[in-house]
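I am attaching a structure below and will ask some questions about it afterwards.
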Amino acid sequence: MATSAVSLEPAAHVEAHELSFLRKYIFSTDHKIIGIQFLLMSFVFLLFGGLMAMMIRWQLGFPERPLPAGQLLPETMAPGGILLPEFYNSLVTMHGTIMVFFAIMPLLVGVFGNYLIPLKLGAPDMAFPRLNMASFWIAFSAGILMMAGFFVEGGHAAAGWTAYAPLSADPEWTGVSGGQQIWLLSIAILGLASIMGALNYITTVVNLRAPGMTWFRMPLSIWALFVTAILVLLAIPILSGAAIMLFFDQTIGTHFFDWTDGGQVILWQHLFWYFGHPEVYILILPAMGMVSDIIANGSRKPVFGYHSMVFALISIAFLGWVVWGHHMFQSGMNPTLGMTFMISTMIIAVPSAIKVFNWMGTMWRGNIRFHVPMLHSVGFVAMFVIGGLSGIFMASTPVDIYIHDTYFIVAHIHYVLFGGSLFAIFAAVTYWYPKMFGRMMNSTVGKVHFWLTFLFYNMTFFPMHDLGIAGHMRRIYDPSQYEFLQPLAPLNRFITVSALLLFTVQILFAANFIMSWFKGKKAGENPWEANGLEWTVASPPPHGNFAKVPTVYRGPYEYSSPLVEEDFLMQTRKLASDVDPAAAGP
Amino acid sequence: MSWILPPGASTFAGDIDFLYYVILVITGIAFVVVEVGLLVFAIKYRARPGRKAQYIEGSIKAEIIWTAVPAVTLVIIGLMSGGVWNHIKGRNSIPPNAIPYEVHVKQFEWNFTYRGPDGQLGTSDDFIVRNQLHIPVNRPVELQLIAEDVIHSFFVPAFRVKQDAVPGMDIRVWFEATKVGEYEIACAELCGLGHYRMRARVFVHSAEDYQQWLSDRAAAADEE
Amino acid sequence: MAHPALMKPPARREIGADVYSEKLGMWVFLGSEVMFFTALIGSYIILRFGSPEQWAAPGQILNIPLTAVNTFLLICSSVTMVKAFAAIQDGDQRLLKLYMLATVAIGAAFVGVQAYEYTHLVHAGFLPSGYSAGSELAERAAEGLLPVSVGVYGSSFYTMTGFHGFHVSVGVICMSFVTWKAYRGAYTKEDHRGVEVVGLYWHFVDLVWIILFTIVYLV
Amino acid sequence: MSDGAAHAQPKYWTIWAYLLVLTVVELGVAFLPWTKEVQLLVLLALAVWKALLVALYFMHLKFEGNRMRIFAIAPLPLTVIIIVAVLTEYVW
């Protein structure tokens, strides 16, 4: 079958100008619009998740005092502004759930997967544009459903974002039935959306690359998103299956996780973490990839060791499947298995180390332009290192006995997910904002936002290590119950104040984001003097992206190449010595 | 702020704390190297007009070094940890002379079952003390954790002991206290509404005091 | 596929793989389906190891002759599906339609037989939550002829076969759509991606049943 | 799939016959008075055989390129990893 004639064309190309508002901005099949839709949706959820974090922090810092404006909450959540323990448990659960599933994951995979993959590969759109649209709207519905859980009787799910059975399996133990069921349904529906997105990304990357865009000419951001899509594709169904089983336990009386009738409690943990550990990498790999792009651009140098960066990504993805047990060292799991998981966990730290050193190598002898995305990227490296190193403490099983389920873990996960992923998201949003909206974000506000965030972020999360070392358990409503935690109250208050400040300075980012949309400086095609294909088209790019099929002559990181005068050399620029790839074959 | 572990009071504390400090030193070095490196590079190689970055694509030698060094270090940490892990949680790690207890855990209390005067668990003269664990010093004890509803986790910070109690699983944890005194037991796994106040105490007695306490309690239990 | 006018060719290059996107996408999707069934089948294996006493001997509760017929049906529908594909490869519209109709019919028959099987099992007292009180099976269990409790056995049986049945139903719907399009002459000797892609899905469903039939009914 | 004409159509009805015969054999084996272990192994082997026939011929994996085959078998190690790891709870 001839390959040129095949493919369901996004027929809209031809008639782009005749589309109604609804088809163009709401039910759009354009990957760029869908990416922006994901961006706006995830920012709203990021705000929700952040507000929940603030309530949690208030409770931990000032257990006796009513929450400011807490009177606005209904009696069932916070009578007189004081949070109820059951509502606190819901908050802890939903903060995790929302941030992981509806903020960070769609921000990294949904937004940048959609926006960047076709543009950076030189494709007119995704392989399956309508599936792509469906993916967004299904994810959106899952989000609405998830938020609706707060308003059902009994409150929202309160068994933690990990929903350990049997706490989550039987309403008797938490007092929550409807909320937990909504949680499970929403997760299963979101899983469907994620799988649809992932199969779109994989197919697009494999099949729709422009001529000359060989595997090892793909930017690391695309490599990372591709590897991530594979992880999503294979990990999410495990969670969906487990969620469905738990849902049946809740609703039709099955016994999968009911130990009294042949079920197994620990099976949930195995299934959850078999999904959950690849998920951790889903939440960081795209960040790593995009940061690699931005650091090369900022340093005006090729990425140090491009190939080893790619292999590090791939080996992280592989090893990510055999380390899930390190979440379960203290769960009563077979101790021999614990040993195995410890070794595999130690090994998976190596590719992460390689990446960090390669980022440093990229900056070395560069000519570093500290634009806002670069600041955030360097911040990412600096913070990710802390998250990575603190992971080694947990990987060591005996040390984990002590720090498991303490604030040390909380500090670790936030260094990876906030210090890591979220800084990378700030970097990436600022970096590709001009492409998305045709205008630059204000760089002064951006710099102030970065420094304040960096400062308050560290003031918030670094002391959490110390709480953990003192033995402070996670997910407890009122630490003053324990004598050994009472001396930590001042530290808890300090963290709370820092967290409130951290939350407040995000207003700068939001304001910058919104204001720049209307008032920002007009961006040209290539404001950062970068090499990628997306910078060869107008900002924002037209429907269909490329008027003419681009041809790629080189890798994405030819900065300061001796071949040309300027310090960047675009992938599509044809030099005298370049051969046309059509002749050379794919 | 402090990176020093609180004082330990069991035989595990020495091993675990040692490992912790080893890792702290190693990661501390890595931390300083990376952060200082980033800072130095950021200052030294900041953009200056008229300069071009050096076109360097990478170095196999450098890649090998920074693959091998972390790999070797981590495997060494892993091997060091393995021995300690087996000593604490291995399948056959429980010393034969450990005093057995049964702990029935439920929302939100710990019920410690003691051997009665006959020295056997599971007989009619066993007695239960709610939220109080009394043990002798310098003698291993073995707790069988029996969760009756959801997962809880037995955590004594001072002893560096933590073990989930999972319903339907046979779970045993052991330790040996080294200092007489009173310590707090916490639940470390979210177990519902009252998780935050699922607190108990462990009393470590000298051998004589422990015998005394045991016979007092047994007598009291007898009278009931 | 779509109206020829819509197939305007802003020449889509597919350089990466030797297959077209729809087929690649379906294979990728099947990868995720494998993992979904891994969650279900893996749990079944693990739970069965954990509580072997709950599993009745083959044929004691489940109706093997009936499901053997169902297996036969599914295998037949797989072969008619692939024959439909072979027909359109040769450009034979008549055989394509015939075989597609047969596949849809047999697939629907499978769902019907499964519904019948479920009704009987429920009637006899075998539920996803175990025996129903006072039922025929519960009485036989009380006499010691059957496992005392079949809670997790029932749970995993219904969940696994139920989700397989759900996949079959989805397959029947998709194949009906393809059949309808075949009647409208949408497939040609040159372009018959829809037939091949839905076929891949259908064979996968058949493959899962082969595994399920063995480990659920026969072991 | 590059083009249908490159290889002769596989004999689908033969595969069908194989599948039916194997199913009948399975049914027989299930009711033979063998030990449980042997029975289990034989039944699983037969099931895998049938599954392979479907995958190779009906799904045309036999005629696909290597890249396609890699896509198809990529998830299989993952299915084994989780099941084997969790089973060690019982046998180790």
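Note that the chains are named A, B, C and D in the order they appear, and that numbering of residues resets to 1 at the start of each chain.
By our rule, a contact is a pair of C-beta atoms (placed from the backbone, for glycine too) under 8 Å apart; a residue touches a chain by one contact, two chains touch by 3 or more.
Note that the structure is predicted; figures quoted are calculated from it, not measured.
J.: If you check the contacts of chain C and chain D, which chains show up for both?
T.: Output, common partners of chain C and chain D: A.
J.: If you take the mean of the Cα atoms for each chain, which one ends up farthest from chain D?
T.: B
J.: Of all chain pairs, which one counts the most C-beta contacts?
T.: Chain pair with the maximum contact count: A-B.
J.: Based only on mean CA positions, could you tell me how far chain A sits from chain D in angstrom?
T.: About 37 Å separates the centre of chain A from that of chain D.
J.: What's the distance between the Cα centroids of chain B and chain C, rounded to whole Å?
T.: The answer is 48 Å.
J.: When the C-alpha atoms of chain A and chain B are each averaged to a single point, how far apart are the two points in Å?
T.: Each chain's C-alpha centroid was found; their separation is 31 Å.
J.: Pull out every residue in chain C that's touching 2 or more other chains.
T.: 17, 24, 28, 31, 35, 38, 42, 46, 50
J.: Give the residues of chain D touching no fewer than two other chains, as numbers and ranges.
T.: 1-2, 74-75, 78, 82, 86, 89
J.: Where in chain B do residues touch at least two different other chains?
T.: As it turns out, chain B has no residue touching two or more other chains.
J.: If each chain is a dot and touching chains are joined, what shape do you get: line, ring, star, complete or other?
T.: Here the contact pattern is something else, fitting no line, ring, star or complete shape.
J.: For chain A, which residues are in contact with chain B within the complex?
T.: Touching chain B: residues 85-86, 89, 92, 158-160, 164, 166-167, 172-175, 259-260, 263-266, 299-308, 330-332, 335-336, 338-339, 342-343, 346-347, 349-350, 353-354, 356-358, 360-361, 363-370, 378, 381-382, 385-386, 389-390, 392-393, 395-399, 401-402, 404-406, 463, 465-466, 469-471, 473-479, 481-484, 491, 559-562, 567 of chain A.
J.: Mind pulling up the chain C residues that touch chain A in the complex?
T.: Counting only chain C, the residues touching chain A are 1-2, 6-17, 20-22, 24-25, 28-29, 31-33, 35-40, 42-43, 46-47, 50-51, 53-54, 127-130, 149, 151-156, 158-159, 163, 190-191, 193.
J.: Along chain A, where are the residues that touch chain D in the complex?
T.: For chain A paired with chain D, touching residues are 1, 234, 238, 266-267, 270-271, 274, 321-322, 325, 333-334, 336-337.
J.: Where on chain A is chain C touching in the complex?
T.: 1-9, 11, 13-14, 124, 127-128, 195, 198-200, 202-203, 205-211, 213, 233-238, 240-242, 244-245, 248-249, 252-256, 258, 261-264, 267, 270-271, 544, 549, 586
J.: In their shared complex, at which residues does chain B touch chain A?
T.: Where chain B meets chain A, its residues are 1-6, 12, 15-16, 19-20, 23-24, 26-27, 30-31, 34-35, 37-38, 41-42, 45-48, 51-59, 62-63, 66-67, 70-71, 74-75, 77-78, 80-82, 84-86, 88-91, 107, 149-151, 153, 155, 157-158, 160-169, 171, 184, 186-197, 199.
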